[in-house]
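Two complexes follow with subunit A in common, the first pairing it with subunit B and the second with subunit C.
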Partner chain A sequence: MTDTERKGAVLPVAKEPGDTVLDFLRMAMTKEAADAVILPMKVPSGDSYAWILMNDISLLDDAVPIVPTMPVQGAKALRSLTRKGPGNLKVIAVMRPCEIRAAMELSKLGQVHSENLILATYDCPGAVQLQKYVDDPAGGDERFSGMLKKGNPDDSAKSVCHYCENFSIFDSDIHFGYLGLSEKEVLLVPGSGKGTEFLEELGLDLKKDLSSWEKGIEEIRADRVKTRKNSFEETEIQLRDIDGLLSVFANCIGCHNCQSACPICYCRLCYFDSETAEQDPDALITAAEKRGGISLPVDRIMFHTGRMAHMSLSCVSCGQCSDACPVSIPVADVFSYVADQTQNTFEYIAGLNDGDPLPLRQFRKAELPGVHELVKDADAEVPSHE
Partner chain B sequence: MKDFEMRESGQDKKLRAKVGVYVCECGPNIAGKVDLDKILADLSELDDYQDVELVVKKYGFLCSGPGKEFLEEEIKSNGFTHLVVGACSPRDHDSTFMSICEKTDLNPYLYRIINIREHCTWVIDDKEKATEKAFSYIRGGIARVLRQSELFEKPLDINPDVLVIGGGISGMEAALSLSGEDRRVFLVEKTDRLGGVSIDLSGLLPGQGEVVKKKMESVTEDKNIRLFLNTRVETVIGFLGNFEIELVSKENAETTEIMAGAIVVATGSELFEPANSDNYSYSESDEVYTSISIEKMFSGEGEAKLRSGMKPSSVALIHCVGREEKNYCSGICCSYMMKLAGFFKNQSPDIQVTEFYRDLCLPQKDDQERYNEAEADGVTFIRIKDISTKGTDVSFEKMNGEKGEQSFDMVVLAPAMEPSADTEELADLLTVPLDESGFFQEVHKMTNPVGTSTDGVFIVGTAHGPKGVSDSMQFARASAGQILTRLIPGEKLIPEVKVTEILEAYCTGCGNCLDVCVYGAIYSDDSRGISVVNEAVCRGCGNCFGSCPSGALRTKHFTNTQLYREVDEALR
Partner chain C sequence: MLMRRYHLMSSITIDTSASRKIKELLKFLLESGKIDAAVTMRKIPENNSYDLALITNASNLDEAVPVVPVMTVNAGQVLSSISTSGKKMAVVLKPCELRAFVELVKREQGSFENLLTISHTCGGVFPLELVEKGQIEELLPKYEKNVSKGEVPANTRDTCRACEHFIPMNADITVSVAGECESGKGCMMYFNTEKAEKFTEGFAGERSEQKFDPSVLQKTLDARLAEKEKLFSSTKKDGPGLDGLLDLFGKCVGCHGCSNVCPICYCLLCDFESANFDYNLPYFEEHLSRRGALRLPPDTIFFHLGRLTHMSFSCVGCGMCSDVCPVGIPVAAVFKKTGEKTAAIFDYVPGRDVEESIPVMVYKEEELSDIG
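For the complex of A and B:
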């Protein structure tokens, strides 16, 4: 993904990277390069954040662009704004890389229309688990500012953050880079034609060499890759067979919170909540007779495997599902592990292959030979018997 | 047809369902391999459990004349609400039993055939096991049929007119076969003349030029054929019986909108460019010709001469030019290269003619004779596995590995036929897939080579793949035959009944279904942000049904509920 030719701009550094982002947004709004911004703002009770679409520049004072935790996945905010079309106004959204990646997947699924959006990401050190943050917001803030300094998540962060390789990406329209730099500065890097145009319009000088920042990021990434391998090995052992799978999800209470929190699950009504998934009592009694007993409500495990089948190719490993689980099932670790395998199968990385169609929607010629064999078999004349 | 609204889905308990279950003995095929009486007895006991009234019977051959009459009488006298037939593969007799239902008050979609022959008796030797499996299948079938819904045919008005794209020999043949008092043909040709490649190729085939010219005259004179020269097809929307087409003139960009019931694609092919292969290098001044240019020389001047005006004393005829690159045999070149050899021999009997070929392809009935004549005339045939030319110098490697080099006065190349340049664009427009070689893909090589996956769009001539004039004309007539029997003026068309519907409340417009629909039957309604099915185009293949994560799509007669209940019961 790295492009050594890429150049960026250096922004005047404010107190924290987040303040620098706000200064940039104020400038963009003042120059009328954008009509509105989407940013997190602290909720009145002070223990969480909400996405606010704001076009009043004074509201920016209370916004927290680089936010310690992830209450609602940002892609869901973008979906709710643009589901019915791109609209006519230009909006800048500043979100974590996993949120923008989810939005890119949703745009391939007709759920987000990004034509008039400027999608901005920043170097993400990780996110504090939602429950931990809600329980102790001040502690959460402190932990997060520590993570920002170190560039790595600590034990308050979501488990997926520890092995996230895409905490800094070039695939959004613009990206704020600051991790792994020896000097205190914030770089502004365009990731798309739209982003470059936008920054040039603002009169920014895109000449800054990015190599020292890229090197710093690569070092952090190397650690994450190692952790990722270890985590997947552990998950693999847990999921070794059907009993392993059953035991991971054994205490699932069927609340479907993981699905509601998932940015990719875009169905209006989940198949598993629909009438079709409701079963005939006789069939269930028969199944119980055969196996000696069945667990009710039915399809608790099927719900998870079904969801994997439906969304794992687009899973961005944002970890929202684990945060939403009231019974501490490591949903995100399991899904991340499965997604890694399904996406590898199709040489696809959710949210990063901007121009590529979703793997199940395209038919590659290289996939043909196998199919041809099948077709040949099916073509073999069936003898007719009257 | 009687109104069955109370019985829909078999879920209405006020009217108790009455299911007829008829098991066909199929002579010894079924009766000899299972304990039929046990199956019948076990099935009879299912009525309480299913909360239905069951009538269970067996019969020798239900597909026989008396069998059909028996079944019809049973349905009528018992007043069945549903019918299950345990018999053979639906490929054999599904339609037979559906027609019997149609003769009664029973909607044919409230009937189900259960294949206990291919799936049970023919594949299980153990009688007890076969009996058990056949029983389970039929039990599943009863559960399924009770959840089936009545479906009704919706006849559509049709337009019998036809659009033919391409004015070559096959396009003209199709147009002439189709045009008539009650059927107009719109013949669209991209160039400024009719005849296509067949005109260029007329020199070699005695009489062909006359045939082509006659066709051109007939087309021009036919008042039921409307000819559009210098015109291309801009848009196509619709389906068999109802296509809306926009044509654009290349001269003045004027558009014409026409309506047609079917489309015949006769866009022909082009010749492989030898210069695109590393093996053949020559410049304009070299005495190197392609099959078409040498034909023009023969038909124009009556003889083949070198640029010096001299007749050549040696000529190399190189077959299979581009065959390696294209990976298919064009099938007609061997035949005309041998004819060409005859022409050269006629012109100067002492000429040394050498034919280089990879494989000889002699499919036409007089090809062998032509080959024998060429051999008798002293033509040298060299089978090669590799060849290259530089001007008129030929280097080759024979099958046994022996290498050779030879210089000739003249070299004639027989390039492969390849898809026309516009093929891909047109395929997109018509939502017809292309095959591996880039030609239009037929429905089935043997059983329906002129049909395509888009019902109502037919491919003829070399748009389908390399072929000669005679085959091209046969294809054209075959497509005309299909159109004449299916689009009868004044009659209505009955589209597929078992189509897919979208439950709008569930759909969120992700477009998965749109991408996997091979018939172009689904479109996106952007204002509502959902997908919509055009039922007249849908063929009920179920691709979309499988691609929809939320179950917003439902293929009629194959709903999840129907399938699940059948499986549940079969495995019970």
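For the complex of A and C:
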């Protein structure tokens, strides 16, 4: 489906976009179009949110679908629910675009089964940094409501949000659009066949022309693209050489929080946490002797470059790694910068176009002669049956 | 009680800072070939940061800061993987790092055989947040003044302020830093084992038999115990039980950073990260129909309870867990408080003595009569 063909429905506007989303979900639940929903709710201490799977419609009153911060990346919630299969429940999950994109990547890896899920997204103005939110929830709420009004993140938001290009419409099943509109309205846009079918079954009239909203979104996107260019240039200077890389990660303590918070890092047991990665103690002494001394625990930079090699093709730049870092390393800025390049190499955008296989999991015929060339270049023996 | 096999052999008076004296000792040990490597904290001036380093060349000791109120990683955890080398090593550890390592050695995850352990009376460490902000240098003068007066330095980790085990329990070599300088005796270096005597033979300094007198640190101990009381009553919050736990751990994001940096958490693959906790859909469906709602991913409180059951009686209260928590949960305070209670049941003090068995790994005969 191309953007020009896209049509949507106009929802009766409640007070805030989030209330409109809740009204829609109440309607879907009442009509038994869904068995349950996944939404954020405040935790008992009131300073953060948790993903709640609920089928009790009265709980929707306390849910916050358009949530100021991102404590747990939504894809992780979807993985915990559907890792072993799609199940029998029809569930609507409302999440940020980067959360659904991460879920799409996990689904390609067989760790999310989305068959019975309706994945819903919304225009995301950015997310307040988790620690900032926890330290001052009321302030965080206020900042976020300002961001929703402006359509752009402020300085309380994660750095990656400032240059996120994929903050709005893409191929999620359904999308709630409201940013960049002159009138106060919420549009409901189907992004997949499944989404269209779902909305039609609910009796929604999908005839609304979306061009003025799309134009508004493009204007916001243009700003983000500009910021993105500047930010990547800064990161490039920071990472100019090995000393730059060492300096960015100098304070890393090796806690691996970035990896645990990452929705993409898909290994059951990270290589760097495994026995294989545990160095022979004598080899460590030998390594230390070469340079007179080494930093402990070892391989802290190797961990980051290893993680980059492993997951940057699927990185959705959600910024969870930076939020989880106890020593404020700008992990997400570095990974986002690297991901942009690796994904460009394969003309791949993580989480978009559900149909595209993961670049490293498919081999194109055209790529294979290249392998042959590499072997020849290396002056090695070429199999004679060629 | 604390030094059954560790008793004073000899001591020297330190005429310079404790950190510098330990550095001199490490230099002596490396240059004389008595050790192959030293493990100590180090300053990285160009990045205004600190790290733990494995140093084999004496000239690389220039940037070493053996006594510094910074813990980037619990050294006991790191030693676990390098101590089994056949090489001889001198390691400078904070008292809780040494205690953590003792707990790991009991679990056969490390060995003292080739180690010369050096520890010091400890004033506590600053949270990593302050290290990352580059504030250590400006905080140090006040910290040192506090320590020398037996006061509890401000801005240090909450479990450090509440730590009563700031005198190393069983190091080969102990250096007194806290308190004693003020009493007019000057800092001392104590050699507590034959190993220490053997390694330091020929090391400069006039030996005496002056003993370490813990009573000079009574003021520090009293202040710490008062802080502990304060800390433990603050973690009560909204009362005990599930509501209290939800209030404390409800905002946990499940990153398991607390378990990753815990020197005691000894499992290679945590049960909570294993396939045991991948549920089939019917599990969720059943919970949903019974309760109307459930949290995703599940088992937030369960993880912390499981970890408490697993390691709390070996918890040394180092505070690494609180430092890495991205949402500021006072993990260390809760674990230290619970740990002290569980350990007390068995009259156990983690890290007190490597020969002391881990309570749940040993069965006393009288306990068996209860079975059946």
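Keep this in mind: the second predicted complex is superposed on the first by the 371 of 386 C-alpha atoms of A that agree within 3 Å, B and C clash if a C-alpha of one lies under 4 Å from a C-alpha of the other, contacts with A are read in each partner's own complex, and residues count from 1 in each chain.
One rule holds for everything that comes next: contacts are C-beta pairs under 8 Å (C-beta built on N, C-alpha and C of every residue); 3 or more make two chains touch, one makes a residue touch a chain.
Worth saying up front: this structure is predicted, and the values here are computed from it rather than measured.
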### Query
Clash or fit: what happens to subunit B and subunit C when subunit A is overlaid?
fit
### Task
Name the contact category of A:282: first (subunit B only), second (subunit C only), both, or neither.
both
### Task
Could you look at A:310 and tell me whether it touches subunit B, subunit C, both or neither (first, second, both, neither)?
first
#### Entry: Partner contacting more residues of subunit A (subunit B vs subunit C)
C
### Message
With both complexes overlaid on chain A, does A:324 touch subunit B (first), subunit C (second), both or neither?
### Response
second
### Message
So in the superposed three-chain picture, is A:261 touching just subunit B, just subunit C, both, or none of them (first/second/both/neither)?
### Response
second
### Task
State whether A:271 touches subunit B only (first), subunit C only (second), both chains, or neither.
first
### Message
Tell me the angle subtended at the Cα centre of subunit A by the Cα centres of subunit B and subunit C, rounded to the nearest 10 °.
### Response
100
### Task
Using the touch definition from the top, say if A:27 reaches subunit B (first), subunit C (second), both or neither.
neither
### Query
Thinking of the overlay built on chain A, is A:357 touched by subunit B (first), by subunit C (second), by both, or by neither?
first
### Query
After superposition on the shared chain, which partner residues are touched by A:14: those of subunit B (first), subunit C (second), both, or neither?
neither
#### Entry: Touched partner set for A:44, first subunit B, second subunit C, both or neither
second
### Query
Rounded to the nearest angstrom, what is the minimum C-alpha distance from subunit B to subunit C in the superposition?
7
## Note on the structure
Note: overlapping subunit A surface for subunit B and subunit C spans 83-85, 268-269, 274, 279, 282
### Summary
In their shared complex, subunit B is touched by residues of subunit A numbered 83-85, 109-111, 266-271, 274, 276, 279-280, 282-283, 286, 310-311, 357-358, 360-362, 368, 379, 382, 384-386
### Footprint of subunit A on subunit B - complex, ascending
29, 49, 63, 88, 91-92, 117, 436, 444, 505-512, 515-516, 524, 526, 529, 547, 549-552, 559-561, 564-565, 568-569, 572
### Query
What residues of subunit C sit close enough to touch subunit A in their complex?
36-37, 39, 42, 44, 46-47, 49, 51-57, 59-60, 72-73, 75, 78, 81-87, 128-129, 131-132, 243, 246-248, 250-251, 253-257, 260-261, 268-269, 273-275, 278-282, 284-285, 288-289, 292-298, 300, 323-328
### Task
Would you mind writing out the residues of subunit A in touch with subunit C in their complex?
36, 38, 43-45, 47-48, 50-56, 59, 71-72, 76-89, 130-131, 134-135, 247, 250-251, 253-257, 260-261, 268-269, 273-275, 278-279, 281-282, 284-285, 288-289, 291-297, 323-328
